[in-house]
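Following this line, the structures themselves.
Paired with chain B in one complex and with chain C in the other, chain A is shared by the two complexes that follow.
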Partner chain A sequence: MQRRLLLVGLVFILLWVVLALLAPWIAPYDPNGIRTEDKLQSPNMAHWFGTDNFGRDIFSRILYGARVTLWTGVLAIGIACVAGIPLGAIAGYFGGKVGNIIMRMMDTLLAFPSLILAMALAASIGPGLLGALLAVGIVAMPEFARLMYGQTVVIKEKEFIEASRALGVRHTAIIFQHILPNALAPLIVQITLGLGSAVLITSSLSFLGLGVRPPTAEWGAMISYGRDYIMSGEWWMTFFPGIAIATTIFGFILLGDGLRDALDPHGRSPRHK
Partner chain B sequence: MPRYVLKRIAMMIPSVAGIIIITFILTRVLPGDPALMITGEQALPEFVDKVREEYGFNEPLFIQLWDYMKQLFRGDLGFAWHTGHSVASDFASRFPATLELTLASMAIALIVAVPLGIVAASKQNSIVDHISRVLSIIGTSVPIFWLGLLLITLFYSKLGWLPAPIGRISGNINPPTHITGLYIADSLLSGDLVALKSSLHHLLLPAICLSMSTMAIVTKMIRASMLEVIRQDFMRTAKAKGLSERAVIYKHGLINSLIPTLTVIGLQFGALLGGAVIIETIFVWPGIGSYVTESILSADYAPIQAMTLISAVLYGLINLVVELLYGVLDPRVRYE
Partner chain C sequence: MLPILEIKDLKKHYAAKTGLFGRMSNTVKALDGISLAIEKGKTFAIVGESGSGKTTLGKTMLRLIEPTSGSIIFNGQDIMALGTESMRKLKTDMQIVFQDPFGSLDPRWTVRRTLEEPLRTHYSYSAETITKKVDEILEVVGLTPQHALRYPYELSGGQRQRVGIARALILEPQFVVFDEPVSALDVSIQAQVLTLLQDLQSRLSLTYLFISHDLSVVRYISDHVGVMYLGKMMETGPSEQLFSNPLHPYTEALISAIPQPDPDKRRERIVLSGEVPSPRNAPSGCVFHTRCPKAMPQCSSIQPEWLQVSENRYIACHLYNN
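Then we have the complex of A and B:
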């Protein structure tokens, strides 16, 4: 059952990755091409997912939107890993005052509700994709620092680390060549689940007007454009981008949960008992 | 116990100071001239300079931070120039709307999640169990802003069952007499059934949307911790003593699975505050969430700083209450 869920998650993610990569070849229209004569068409044979208020083809915009969404997620989680993992490792390995200060700072960041912190950061950095992905990266960072800290504290007491120290291996080499590889399994799970949250927060920011700038095709922003047409019944402008966001997050959650069980057969997550 | 509470509150001080410093640095150090934000890009340079002087933006950063701390200590959260009021008065007038929405969402989430989680765990792999899993996955993967718009399309545009999703009460109905600020409570207390009906209609969709992720997480947590508890020896003993299935599950099982669930519920209040920002924007709900969105869109930083600060403090206090409740649920828990 667990393997099947992992596979379902993997299929969803691979599907979106392939669609994103092939977008220029399979998208039937230019995602930003304005054709006012085609505006607000409900789904039909020429426009499978209908068109928006500028006559842009929603199916093509969703395919291009996959590129923006996946890239933003990967870059944001990349920032979170690059900053959070070394901070957690340093705090866990050296401990003491420095470790304490780092971890208290991470706890402070964790004390914010994540969306509110991301909004405050994105608003401070300035609206735009860069602001959004930096904000999401900073919000996700403490999770990685906390996880790496916990792993490092346990692994550094193992005998092989003691042996490396006795052999005179440098601290940085111990951290990156011995501790990090042994902490990879939980980190991979956290990265996968973090990607799901990153997609959710980035699209929420775009929905609120703090993410990508028009006319970039991004799923959250597309739902935001469609919002004004909900009352008059043009449901397709919001429906399809929402399905895209939900299936991507769904894929990452299933993949993350599945990997957790696959990589850690002894500590099965209680959620699937 | 009182000593423990005081100690815990004292421990919150460095964390709150950290939050103040972070929010302050975010709005001052990152790109963007706060004086220009206030005056607008088109303002005359002399006017921008005057504003810079007046707000102390040309002072060294640590002096600005010190002034900001002193200001907060006096209970002054700053001035929201986009509304023309002090942030504290804006918060006071808008807080009841957010509180009503958050409490209603938490109530809906718990009313569904607690029985669903219990039944899912006690009848593992039954149809109810499958429903609980599907609900958990949907609740965590569906973005609430999308769900909100879908529900509006269905219940307002297509079926016409609910009023236009604007505000807390229909425009042609007078709000109930102000007692608590919560429309449902006030209309009940003043016996105003017309206001009660209208405010319930307006509250329903936003509260359901906001409750979704909490419902999913609490269901998952109750199910998991009940499964853990069901396998314990004392549960078998209780059954062997001849207690009914119901008594075993509710009297022995539920109480023991509540501690981990309570932690999750506490953490969820923070998520609800974040979610309120989005839901209030969609449903034009006049609470703190929509106030923050308006502030962000008009680059008004004092309310954003205040919201981050207040939500982090509230979050800390809720977690403290949760910790104190552990002792109520489990007499073995001692506070030192």
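Then we have the complex of A and C:
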């Protein structure tokens, strides 16, 4: 059962990756091409997902939006990993005052609701994709720091770490060559789950006008444009980007959960071997 | 003969906080004034029950655990005075083999990578030299180059311990600490590994500190023995003398507990009553007085001094204090 869910997640994510990569070839229209004569068309043979208030093809915009969404997710989590993992490793390995200061700072960040913190950061860095990226990266960082901290504290007590110290191996080499590889499995799970929440937070920021600038096709921003048309019956403007966001997040969560079970040798039941 | 390694009054105290908010502080004396000297090319064995501080002693001698006070003199140099970088370089001369052959190898590293690590850490050899040295050391410890491709989980306990020994010896150290190297192995494998250690010692003229709780193993391998109890050295002496004529009541009790293979050879067995006291609450005076069959009134109040009783024998006991 778990294996099947992992596969479902993988299919969702691969589907979006392929669609994003092939967007220029698949998309029937220019995602930013304004044709006011075609505006607010309901889904039909020419415009599968309908058109928005500027007459832009929603299907094409969703394909191009996948590129923005996946890239921002990957970059934001990249920032979170590059900052969070070394901080957690240093705090866990050396401990003491430095470790305490690092981890209390991470706790402080974790204490804020993630969307509120992301909004505050994005607003202070300035609207635009770069601001959103950094904001989401900083919001996701403490989770990685905390996970790596916990892993490091456990792994550094293992005898093979002491053996390396007895051989005179330098601390940096111990951290990168012994501790990090042994902490990789839970980190991969966290990266996958983190990608899901990064997608959610970046689209939320875009929805609130703190993410990408118009006219860039981005799912959260598309929902924001469609918001005014829900009551008047133009549901397709919000529905399709909503489905896109939901399936992406769903895919990452299934993948993350599935990987957690697959990478944990203790949780594996014999029939899945 | 000059000792290759000498420790003087080595102490390792841990502050153990107890009570709410850790207001009451208690000192655990894991090592309390240990002195010994190890001659080049010999095996000095440390015996004692669990919690006696023998592992702490082995690790402290290599400064894997920083001692609270005392001196460690290796080849005439006090290594307590060395800085981080010189201490790191000294690891090529002083090595350790750990007790747990399962835990002491990185599960994600092949045997070859594990054995290359010390070489890459200390030298900038070419790839061919490293491969050659790894293959050589594998052969020395009785493995083959095929084993180099394996991961620890693909090896048996005895093979893993051989890898642990190879890793310690690949830097060609002069002094090696063996922390219960065979206690996790089957008896038949124990004998193989012990023979290997003796063979290596004579071939490479190594000096060993051999930590064990198994007296029959110690008797087999050691030249000199130190008996520890609750962080203190009770008695040291040449192996033969110590086993045939134990002086300290604790040593006597330990030796009487060795199983006797010959059923006709009866020997009086001294059974110690009670448990080892908690190191957090070590007894006053002589730490052994609570269980000592020969305890005298002064034993509970006055710490016995570390005395030389004959050429090579030292003891801490009031029975010999005159």
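Keep in mind that, in the parts below, the second predicted complex is superposed on the first by the 265 of 273 C-alpha atoms of A that agree within 3 Å, B and C clash if a C-alpha of one lies under 4 Å from a C-alpha of the other, contacts with A are read in each partner's own complex, and residues count from 1 in each chain.
FYI, a contact is a pair of C-beta atoms (placed from the backbone, for glycine too) under 8 Å apart; a residue touches a chain by one contact, two chains touch by 3 or more.
It should be emphasised that the depicted structure is a prediction, and the values quoted were computed from it without experimental measurement.
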item	value
Three-chain arrangement built on chain A, chain B and chain C clash or fit	fit
Dominant contact partner of chain A by residue count, chain C or chain B	B
First, second, both or neither for A:Met105, with chain B first and chain C second	first
Contacts of A:Arg170 with chain B and chain C, given as first, second, both or neither	second
Touching partner for A:Phe160 - first (chain B), second (chain C), both, neither	second
First, second, both or neither for A:Ile253, with chain B first and chain C second	first
Touching partner for A:Asp228 - first (chain B), second (chain C), both, neither	neither
Chain B versus chain C as contact partner of A:Asp30, first or second or both or neither	neither
Geometry of the superposed three-chain model: angle at chain A (Cα centres of chain B and chain C, steps of 10 degrees)	100
Gap in Å between nearest CA atoms once chain C and chain B share a frame through chain A	7
Chain B and chain C contact sites that coincide on chain A, given as residue numbers	none
Complex interface listing, chain A residues touching chain B	104-105, 107-109, 111-117, 119-121, 123-126, 196, 200, 203-204, 207-210, 220, 223, 226-227, 230-233, 235, 238-239, 241-242, 245-247, 249-250, 253-254, 270-271, 273
Of all residues in chain C, those that touch chain A in their complex	59, 62, 64, 87-92, 95-96, 98, 100, 103-108, 117-118, 121-122, 164, 167, 171
Contacting residues of chain B [partner chain A, same complex]	14-15, 18-19, 22-23, 26-27, 30-32, 124, 136-137, 140-143, 145-147, 149-150, 152-153, 156-158, 164, 220, 224-225, 227-228, 270-271, 273-275, 277-278, 281-282, 292-293, 296-297, 299, 301, 304-305, 307-308, 311-312, 315-316
Residue ranges of chain A in contact with chain C within the complex	158-160, 162-170, 173, 178, 181-182
